[in-house]
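In this document, chain identifiers A, B, C and D correspond to the written order of the chains, with residue numbering beginning at 1 in each.
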Amino acid sequence: MCRWDRLLGTPVFLSQVLFQPEHSLIDQSLHSRMGVETTNGDGFGVGWYTQDMDTPAVLRDVGPAWNNRNLLEVAHHVRSGLFFAHIRASTGTAVQQTNCHPFLNGRWMFMHNGAISGFHRLRRDLALAVDQDLYLDIEGSTDSELMFFLALTFGLTEDPPGAVARMAGLVEKAGHAHDIAHPLQMTLAVADGERVWVFRYSSEGRSRSLYFSTKVDTLRALHPDAAFLRDISDETRLVVSEPLGTFPGAWNEVPESSYGIIQPGGDALHAFRPHPQGDSARS
Amino acid sequence: MCRWDRLLGTPVFLSQVLFQPEHSLIDQSLHSRMGVETTNGDGFGVGWYTQDMDTPAVLRDVGPAWNNRNLLEVAHHVRSGLFFAHIRASTGTAVQQTNCHPFLNGRWMFMHNGAISGFHRLRRDLALAVDQDLYLDIEGSTDSELMFFLALTFGLTEDPPGAVARMAGLVEKAGHAHDIAHPLQMTLAVADGERVWVFRYSSEGRSRSLYFSTKVDTLRALHPDAAFLRDISDETRLVVSEPLGTFPGAWNEVPESSYGIIQPGGDALHAFRPHPQGDSARS
Amino acid sequence: MCRWDRLLGTPVFLSQVLFQPEHSLIDQSLHSRMGVETTNGDGFGVGWYTQDMDTPAVLRDVGPAWNNRNLLEVAHHVRSGLFFAHIRASTGTAVQQTNCHPFLNGRWMFMHNGAISGFHRLRRDLALAVDQDLYLDIEGSTDSELMFFLALTFGLTEDPPGAVARMAGLVEKAGHAHDIAHPLQMTLAVADGERVWVFRYSSEGRSRSLYFSTKVDTLRALHPDAAFLRDISDETRLVVSEPLGTFPGAWNEVPESSYGIIQPGGDALHAFRPHPQGDSARS
Amino acid sequence: MCRWDRLLGTPVFLSQVLFQPEHSLIDQSLHSRMGVETTNGDGFGVGWYTQDMDTPAVLRDVGPAWNNRNLLEVAHHVRSGLFFAHIRASTGTAVQQTNCHPFLNGRWMFMHNGAISGFHRLRRDLALAVDQDLYLDIEGSTDSELMFFLALTFGLTEDPPGAVARMAGLVEKAGHAHDIAHPLQMTLAVADGERVWVFRYSSEGRSRSLYFSTKVDTLRALHPDAAFLRDISDETRLVVSEPLGTFPGAWNEVPESSYGIIQPGGDALHAFRPHPQGDSARS
């Protein structure tokens, strides 16, 4: 079980999201209210896009986020308009940097909160479905990283919703072949530097929490006196595992079995269902 | 705030105390019930005495105890009749190996749960009181390590209760000079390889919890059917921040403002009060 | 490129081999004379068998061995009659605990100095050859760990020389299929708690250095005045990447393309060649 | 013994200095040519100033720089016109983040290559000379951090050369009182975000190497065809322990017993000698 934050919009210091809010991600790492595990101390990561750079940067480490000095330094000195942050509670795999989210591949960034049930039994079958050339870049041992590489194999960079649907379909097919009733539990975020796709889905229909913030102009109308709302752009959006505070009207739950696209110009929300996998998943 | 365990008696694998009990120290690291902080993930240490060796060994690291592989390996393969274990929740000082308990000096081992109030203001005054030759061995930046070096300065290796009383008296004197009402909060354990001294004291009379286990022969009489009690010696004793389970009759609270000596042949419990410090603490 | 030590015989403190000799493994970590890389600072591991325990213990960490406090503590307080020690120089894969040698599986311990050429291209093919049930336990991303799991798949616990020959044959076959002229460079050590098998082989016939120590009774005859030789048993044997000193007559090079068995009662040295792999390697 | 780099001028990615040059700092960490120790694998740090921020950021860790992923990520994504980089070879003190350079205090940044001879004997005397309020912020156990706090005590933020001279004088006075012939060996760099002061001094007159790069306009005249010289500003200056390459005319040695000021508008080079300390160093 893990928690995460992401932001799109006016460049801000990462610390403004990670450390300052009332129920910030750092606070959640010690005392999650909605998560399956209350403590998320098995590693963390932040990934951020910067102007003039195609690829995102990532800072990951194996200790808890709450006492990490490098995270504190970077969060207070790096500004970004699109970044991911993740705190990890291991569900059994090793606590190591290569198992920390977000995962990167070129300009793509990926993070996950959830699990593949019975992953140990499915791991080899799923690994075999990864494209030969992509396989070389797998570094860790988590289900999450493998989901990323499967999605890349199935066309993530061309059609994110389709690729994730095919990945989810393959996981469910492999799980059912091993008599696992509910193979997949996933809350995903994927970005390419300009847009963010978020997915909320689980085989049993009880997915982990996922919230997005209300549009800034709507919030301004609701709270004409809130000074900080004047400093941020209309495009600023937060997607989080748990609301960062109790600002009225600010947080909306992403519905079960759906995905959203957050992008300059206008967001979109759609139904999500895994793509049933036949014998030729890649075709 | 921190939690700890110590054991004296029949050599056992460290894992029998650290990992196996119902509410083991590792479980406490995630979900302490009695501690000031519920999560103790800012480093850990185990120190153990082995036969034929004068000095104890120590394994310390900066991550949480609950996910540390080396701790798991050592705990399952090292046997000792006298060992300390400690999980740390930093109260502000750096998360680094040299700030992890237990601290060693020759054959002496020391661990602490508590804090010096306003330590930042007192730190230099207290450091000045450490013996010149001992000062060189201070490696970390915690109040706890400084308390150890002050106790060593005041004769810990000759008279542990007296040295701890003089150390506590100096801390209170320095604190009062800075208008700190309740300078000291301490639950201490000190060992020399054969005996263990434990102290429970705080300036305000509300010290952190400390328990010791009932003598094994008493427990055997209470629970004639408990098989595991037959395998351990009469001398086996546990001193813990929190009971490791709910075995009836097994746990006794150390009273406020007192100290105990656990040793082969017979334990002892005495009142403890700091030694008022005049101008010549060492005389 | 890596360096290693192993010992079989009278239980000694690990430090007597790791830290005390003139050109100890710790010294080699900073200044290897014979290795491909002069610095081996990308992690280390020690694995040791103890009496009354079926499985070995392992201590591994990602920093250099030369400054690791936990290694120093354990080496000075743990005694073993059979242990492995390894210092790592990464050839590209991540510096993480799960990539550090020795690797364990039940009572088996395995370490490697060498590399599979073009491993990135062969990785997926080799991973597919690992037994389904064993595959689940792969935690890291090195060629070495994969070689261990292939050897386990091919019967390591029943017939170590045969299993290693089949593993080496598969690596060469996969390499040749990718037009790699000399796919394998390996100096291996494998133990089951009572015996040690060591292998020196490379596809191009220029394997990395490997030495074993002369039998203690032979050394005693050569050096009747060497006091330390009186304290160790006839069975004590060292196998090392580089001699630990210049004691005359003490070190013998393992010949190219050969393997040895070190065991109570009498050692053996044999020729080694990979087992040519057809379509059904496991049969 | 340690190595370092610093840069002042046109904002560049840190990687352009740390990783790309022929004999980069990362290469020096493995194979220093001029240092006392050839391997510098006991921790590293980079500190950088960014626009719109008063205080610098720092990334420090305990492993070697050459295999650190976070350093690689930050160096390739962070741009700065003034930054410090340091690789550490411990001379005995613990390998921990708080012992890694550069050290920060407000907008001041400090790094050191050298040592106080017999530091263990002088440590307490020197610590006592640190200002009471500053003392609270000492986190590590190195001679270098203590030199920084002594310089701060003696007025570093008002008069860097004077404060460093007083610090050096105190170290020499304390050393001589303990019969240490040559107490101080220092190559220092200090910055406030706009200027950099560098010092080269040792009690015995054999200070560690220190180089600064030739002015860019001079280099342009020497090498009219060197394309990269056109992309950097006239103000760009590098100060390094060892030249980063062999570009003719690019590197000048800082003379023994001298200090330099690198600043927009014009550099300066002066003689340096410690300020003899009487009984009242701070007056």
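Everything that follows uses one rule, which is that contacts are C-beta pairs under 8 Å (C-beta built on N, C-alpha and C of every residue); 3 or more make two chains touch, one makes a residue touch a chain.
Note that this is a predicted model, so its numbers are computed, not measured.
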A-C against A-B, pair bridged by the larger set of C-beta contacts: A-C
Fitting chain B to chain C on CA atoms, where both chains share a sequence, rotation angle to nearest 5 degrees: 180
Whole-Å separation of chain centres (CA-atom averages), chain A against chain B: 41
Two or more partner chains touched - positions in chain B: 69, 94, 97
Residue ranges of chain B touching chain A (in the complex, touch as defined): 30-31, 38-39, 41-42, 62-64, 66-67, 69, 90, 94-95
Contact footprint of chain A on chain D as seen in their complex: 48, 50, 53, 55-61, 69-70, 73-74, 76-78, 97
Chain D-facing residues of chain B, complex: 93-94, 96-98, 120-121, 123-124, 127-128, 130, 132, 135-136, 138-141
